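The letters A, B, C and D name the chains in turn, as written, and every chain counts its residues from 1.
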């Protein structure tokens, strides 16, 4: 199992803060699976959309592999500072 | 004391600066950046701001940015304090302080850290205007500012 | 209040910064440079410093540098306070604070002002070491730093 | 008459803080006149020496004209900040 978290606009519009999902091979696979849910999910996780990903608190690319127990997070471009 | 702190309490700018330079007579230059909440953004009056972040990742991201600055320049001290939660206009949002023997390195490192923070640290601003609440969009200019530092 | 001050009293960094940003919610960025007295220079331990200046010309020179910065960048406030007289290690020698809507301009203007001050404002340092007193020589690196800004 | 002032190392080594002199045409002429005094004066005001000049509180070049009543100052490269 992996833990998947959503932040800021994503958390609000998807109405989901965190969920446990089956482990998949990599970020790209996970994003396709989420896009397949349709509606807002399809919009946010469409290919080419500007969305950031982290794995275990480190910024990650779609090609990064996922290991059982990982914490994956999706969020919009950051706006701090 | 950690060099990066995320807190909901107001920032005490003077305390951060004084703490960094205290008792080290080898420091010749102290450069500080303070980011302040403006009451106007994208054409609208803004009455308040809520800053969300990703606890656990934020501190790591800030530490990594500071470590990278310390690798590029010869520094004698760095502090980054960022607020989260509810803010109002005039409130300091972030302070970056860099101490060095000479000013050139302190200026470069301070600007590098805030440029990277703006594109790599997981903070998100939601502002309240007369029209309601809205998430602040990332600025293209921030990505460009960060890209300047690529070697 | 004049934007440039020369004084023999210790510098109150926080007061200068707070005074500049107070009550202007359009300010988004505050960049400060503080130059501090180091206890070591040119291979020798330095126990104290005396700063001489040219009263009358100094204020004019600082005002002219600030005016040039304000012409180059869109700024919302500038303060330069420089100490003269007797100083000891750890003492702030000069503070330059620049306020602007956005950070890029504040960083550039602050560095420009201190680079120009270092080559154009009539201050001279005399330091006391174990060997006695000596006038500090101008640095080639300061002339180079200033030359960067020539258009 | 003009007022001529010396600062920092110049003031100390020339042992002169300020003096009143007859007006001359320009800075260059004044510097030649001062160099002609010999000793330390000759050293500091030799051509090619790194010395700064101001006229009435403004930085000036050797070619700048001098008017009666002007305040001229000589000093070493500055070291503030």
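The rule is simple: a contact is a pair of C-beta atoms (placed from the backbone, for glycine too) under 8 Å apart; a residue touches a chain by one contact, two chains touch by 3 or more.
Just so it is clear, the structure is predicted and the values come from calculations on it, not from any experiment.
**Q** Round to the nearest whole Å and give the separation of the Cα centres of chain A and chain C.
**A** Result: the chain centres lie 48 Å from each other.
**Q** Nearest whole angstrom, what separates the Cα centre of chain A from the Cα centre of chain D?
**A** Centre-to-centre distance between chain A and chain D: 72 Å.
**Q** Measuring centre to centre with CA averages, how many angstrom lie between chain B and chain C?
**A** Inter-chain centre distance comes to 23 Å.
**Q** Mind pulling the chain D residues that touch 2 or more other chains?
**A** Residues: none.
**Q** At least two partner chains per residue is the criterion; list those residues in chain C.
**A** Where chain C meets two or more other chains at a single residue, that happens at 35, 114.
**Q** Sort the chain contact graph into one of these: line, ring, star, complete or other.
**A** line
**Q** Strictly by the criterion at the top, what is the full list of touching chain pairs?
**A** A-B, B-C, C-D
**Q** For chain B, which residues are in contact with chain C within the complex?
**A** Spelled out, the residues of chain B in touch with chain C are 13-14, 17, 21, 23, 25-40, 89-90, 101, 103-104, 106-107, 110-111, 114, 141, 145.
**Q** Within their complex, state which residues of chain C touch chain D.
**A** Residue positions touching the partner: 35, 51-54, 56-57, 60-61, 82, 93-94, 114, 117-126, 135-139.
**Q** Where on chain D is chain C touching in the complex?
**A** 5, 7-9, 54, 57-59, 73, 75-81
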